[in-house]
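Next, two complexes with chain A in common: one pairs it with chain B, the other with chain C.
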Partner chain A sequence: MYGKNLMLIMISVWVLLFIVLPVSAMLLFSFWSIDNFQVIHSFSIQNYSKIFQDPIYLSLLWKTIKLALIVAALSVLISYPLALFVNHRRGTLKTILFLGVLAPLWVGYLVRIYSWRSILGESGFINSLLVLTGILKQPSSSLLFNSSAVVITMLCISIPFTFIPIYSAIEKIPGNLLQAAADLGAGGSRAFWTVVFPLSMPGVVTGFMFAFITSFGDYMTPSLVGGTSGIMYGNMIQTQFGNSYNWPLGAALSMIMLLFILAVIAAARKIGNVQAIFEE
Partner chain B sequence: MKYLKYVGALLFAFIVYTFLYLPILVTILFSFNESKVQVLPIKKLTFDWYRGLFSNTELWVAAKNSLIVSLPATLCAIVFGTLAAYLFQRYRIRGGTFLQFLILLPYILPGIIIGTSLNLLFKFLKVDASLMTVIIGHITFITPVVMFLVMDRLKRFDRNLEFASMDLGASPMRTFLLITLPNIRSAVLAGALLGLTISFDEVVVSFFLIGTDNTLPMLIWSMIRHGYSPQINAVYTLIVLFSLCLIAIAGSRLFAQRNSKAITEE
Partner chain C sequence: MKLKHVLIVLMSVVILVGLSGCGGNASSTNSGAGTASSAAPANGGEDVAKFKGETINVLSWEGYQEDEWVKPFEQKYGVTVKVTYAGSVDEMFAKAASGSVKYDLIFMDGGSVNRYYKMNLIQPIDLAKLPNTNQLIANMKSLNDKHVVKDGKTYAVPFAWGSLPMMVNTDKIKEPIDSWNALWDPKYSGKIVTLDDAANQTAMTAMLLGFKDPYNLTDEQLDQVKSKLLEQKPLVRTYYAGFEDGKNLMASDEGWIGFSMGPTMITDLQKEGKNVVEVIPKEGALVWIDNAVIGKDAKDPELVHVYIDYLISSEVQAQLIKKTSYGGVNADSANKLTDEEKKVSHMDDPNYFNNLVYVAFPESFEKRVKLWNEVKAAQ
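Right after this comes the complex of A and B.
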């Protein structure tokens, strides 16, 4: 019993130091303001009223939500059939294909964004390929520095995140359920829609949520491949901490992002029983 | 018809894997390209960019800083992650699910929130940004990774061994060290390797916590902002190879254990 309490205290201290205190600091700063590059330590809702009144902030937030929804939807549409494909393979090949989707998660986040910039760029890989094969006469500059370049790059980053929960949900479906479905006369597609698909829903919701959250908060992808038309909400936060030196406004913007994401997690847990994925 | 479906599936999988690996392949390819612009066809191959790495002291200092951050961060995360996993897996705690959720948060939340909130905490406490603050940032998101892997392992590990040990008079601490820890060793190791590679590559959180000493990804981030250099490709090719090796080790460890477990259960 003594050991349990000691561990509990240590873990609670961890949570306090790394989660509760930073978020409290963020909340505190968000009610402060800045004057002449000096932080004014007095309570005011000035930052929040500015964010909710100035159309710049809300329209960027809305645009970011839309973009993240597109990335998450495409990510699920690609990951789901991929998960089915990998799950149908056997033995070592299955292991390799499975790890093959995950591996890019760990081989350089920055390099993948950077590389997409050179792939999509005017003198880049795709353009020179298109010119080389004669499809284009001149390299096109329309591939890079826009929202679709951001979506493509974010997809490349989010697919592994979406794949993991979908795959583990599909893999856990007992084979005898499918046998039972077949015994009762269900064909392949009927068995899929009535057995596999409903049972994989928690994975789909979790995957969708992960893709949405990673894209929503990403500021490095937009600043490398987005150009001026591709900037997102995260870039605005980044600017407040960098060039603008307006930490209180940055804190308020982060706070709104945090609250929004917590709402998304709560919704996902309600809809898709996401907890089941975390626990088993 | 069935054959056509199979070919379609194969083609689809091929396109997705290409999509995932194209940036990595392009990076490796152009790290050997003599020209300073990334245009096809490649006219001449060269090792110059790799040779240049040896004389680039800034890069070496940054790589060293990355190790200074990653090693202690991973070590700390192993201790806390394993502790948390053991606590949540072996004991019923009031509010345990909520605590677990809070520990998981830095893994789920975008790095920008971890970065800004810690940045503001350090500002509030008047702590100057340094490699130390980056280490603290990294601990937050490696710990859940270790916790995940160790919890998964603990779930599949026969608890009766622990009971037997305690029946024979071993203290809980002794039981943990002699029975539990050896059994979850591979999960801890896998967590450590994954944590190390994630931390070594991390730039999103570090961005808000870094002082004057750059880590490797931070240096590369500033290099990218200034423009293109094929040397970045060379550095990243080496990092990719390094990460892939660690992942292969971590992966095979985990899978070996999974499979041997599956065999004994049969």
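Right after this comes the complex of A and C.
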């Protein structure tokens, strides 16, 4: 009992220090303004009205949302069969495959981006292969520095995060349910669509949400492999805190991003039973 | 029981008073020692012992406070040079402005001095206490002074500099290049790389457009800069995100020609076997000059003066140039370099500065960032 209270206190302190305080500070900042590099500590909604009046912020927000939705959808489409496949293996092979999917997580985030750059680049792996096999006469420059390069790189980052919840959702489906389906005459695909798929939905929704959130906030990938149009909503926030010295505007942009992410989490909780993933 | 409580209270009082007393004592002995030793003249007229035990808090860029020159100074004066590094201009400003540590000495590009000055974070420097300023490269110093002298008082002393030239891979591009227009030339479409940086992009483009002061542009001129950058966009392979990123692009031949972050980038590429050369276009190129600045609340400005003078001495400057390939500020330091080192750091050519434009404090950071974001967001 004593231990439980202590844990509760520790968690509360953690939440207070690392979530409540920074977010409140950010919220406060977003209503301040800047004049001659000095923060003016008076309440105003000018940052928000600026964001909603200037097309650049909203169009980038929309562009970023679209990209994150594409990445999340593809991530689920790839992770799902992968999770099914790994789940059906046994023993060491299963462990190896499982770790194989998670392996990208052990490599630094920037290293992963740069690896994709060298794979997709003009003198990169794919081009060399295409030229070697005679498919291309000369290396193509169209693989890198565009939005598909961004999607590919983001997928590499998001797939492990999508894979884990889907995998654990499928793993939790009791074997006797499939047995029962078979006994009642359901074939493989019928059993999948009526038993496995609905029961794995919480994993799919959670995975989708994870992939969406990681790609939504990512600004390094677009700027390193996205080419001249590789700007996302996150880059706007970064430049406000950096180059333009406008922390209040940066805070307001971040608050909008946070609200959006919270909305996605809320929607995910509504659609799929997300908690089920984390419960035994 | 009661006695015990009284004892505890007494002991805490004793400890508290003792601690504060100690603090007071320590500082008074220090200054006492200072006056005592300054009364006794040291050898060579220089009073080496009078700073003994003091600490200089330095806020610096990486590479500026290396053991090779910091250690000998610490040993000579018996002081400690405590260095904090900043990774970006913004981080440096945030650290200096937060006031959690009182920095005695801060390094910043001369263009930023104005901002620190406006916010009352720095104090003037007494050039009479810096004999080595006589050896500063003359045209560099006069360029720098326009930005760091306020109301007749000097607030900063140059320490290192670097230009932002054009880089050209001569294996791929044989014809001579002499203008920034090459970065707008459809011939090199898809082979141009340029810097993802609002401030430098705006200033460089303004220079190409022939605007006299690229750091003081009207809204109309900023609009022209924006159209010019939009015109360039379809030709650009990518906007690179930093020093290593830019090098990587040139090394892998993704870029043949580009806006460089400095001669060091080019010499690094040459070391990797790339035939990449530096071009200072006829319109001129930007140059940043990093300065040493004394913090408003410096504990012992006299010691900081001694340290700054040491940092701009020809010995330290020669070490800095050898180590970093940055430009040095002491004209005599060139005599301590090999011909190769002189060439790489441009210490062999006093006229190198003539075509360089100082990276200054712009009319508005916000407008420039917005302009650049709009260029990047354009379809």
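Definition applied: the second predicted complex is superposed on the first by the 272 of 280 C-alpha atoms of A that agree within 3 Å, B and C clash if a C-alpha of one lies under 4 Å from a C-alpha of the other, contacts with A are read in each partner's own complex, and residues count from 1 in each chain.
Keep this in mind: contacts are C-beta pairs under 8 Å (C-beta built on N, C-alpha and C of every residue); 3 or more make two chains touch, one makes a residue touch a chain.
Everything numeric in this text was worked out from a predicted model, so none of it was measured.
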| task | In the superposition on chain A, see if there is space for chain B and chain C together, and answer fit or clash. | result | clash
| message | I'd like to know which partner A:I45 touches here: chain B for first, chain C for second, both or neither. | response | neither
| Comparing chain C with chain B, which touches more residues belonging to chain A? | B
| Of the two partner chains, chain B (first) and chain C (second), which one does A:F37 touch, if any: first, second, both, or neither? | second
| said: Output check: A:I159 vs chain B and chain C. Expected answer is one of first, second, both, neither. What do you get? | reply: first
| request: Pick one for A:T228: touches chain B only (first), chain C only (second), both, or neither. | output: second
| said: Looking at A:M257, would you say it contacts chain B, chain C, both, or neither? Reply first, second, both or neither. | reply: first
| said: Contacts for A:F29 in the overlay, against chain B (first) and chain C (second): which applies, first, second, both or neither? | reply: first
| task | Go through the superposed model and pick first if A:A180 touches only chain B, second if only chain C, both, or neither. | result | neither
| task | Tell me which partner A:T214 touches in the superposition: chain B (first), chain C (second), both or neither. | result | first
| field | First (chain B), second (chain C), both or neither touched by A:I9 | value | neither
| remark: Clash check vs chain C: of 110-118, 218-226 or 254-262 in chain B, the offending stretch is 218-226
| Is there a shared patch on chain A that both chain B and chain C touch, and which residues make it up? | 114, 118, 121, 123, 220, 224, 241
| remark: Listed in rising order, chain C residues that touch chain A in their complex are 88, 90, 93, 115, 118-119, 190, 196-199, 233-234, 236-239, 241, 245, 248, 252-254, 365-366, 368-370, 372-374, 376-379
| message | Under the stated contact criterion, what part of chain A meets chain B in this complex? | response | 3-4, 7-8, 10-12, 14-15, 18-26, 28-29, 78, 81-82, 85-86, 95, 97, 99-104, 106-112, 114-116, 118-119, 121, 123-125, 128-129, 132, 155-156, 159-160, 210, 213-214, 216-220, 224, 234, 237-238, 241, 247, 250-251, 254, 257-258, 261, 265, 275, 278, 280
| remark: As the complex stands, chain A meets chain C at residues 36-38, 56, 59-60, 63, 114, 117-118, 121-123, 141, 144-145, 220, 223-224, 226-231, 235-236, 239-246
| What residues on chain B touch chain A, complex-wise? | 9, 12-13, 16-17, 19-24, 26-27, 30, 37-41, 80, 83-84, 86-87, 91, 93, 97, 99-100, 102-106, 108-114, 116-121, 123-124, 136, 139-140, 143, 155, 172-173, 194, 197-198, 201-204, 207-208, 217, 220-221, 224, 228, 232, 236, 239-240, 243-244, 246-247, 251, 255
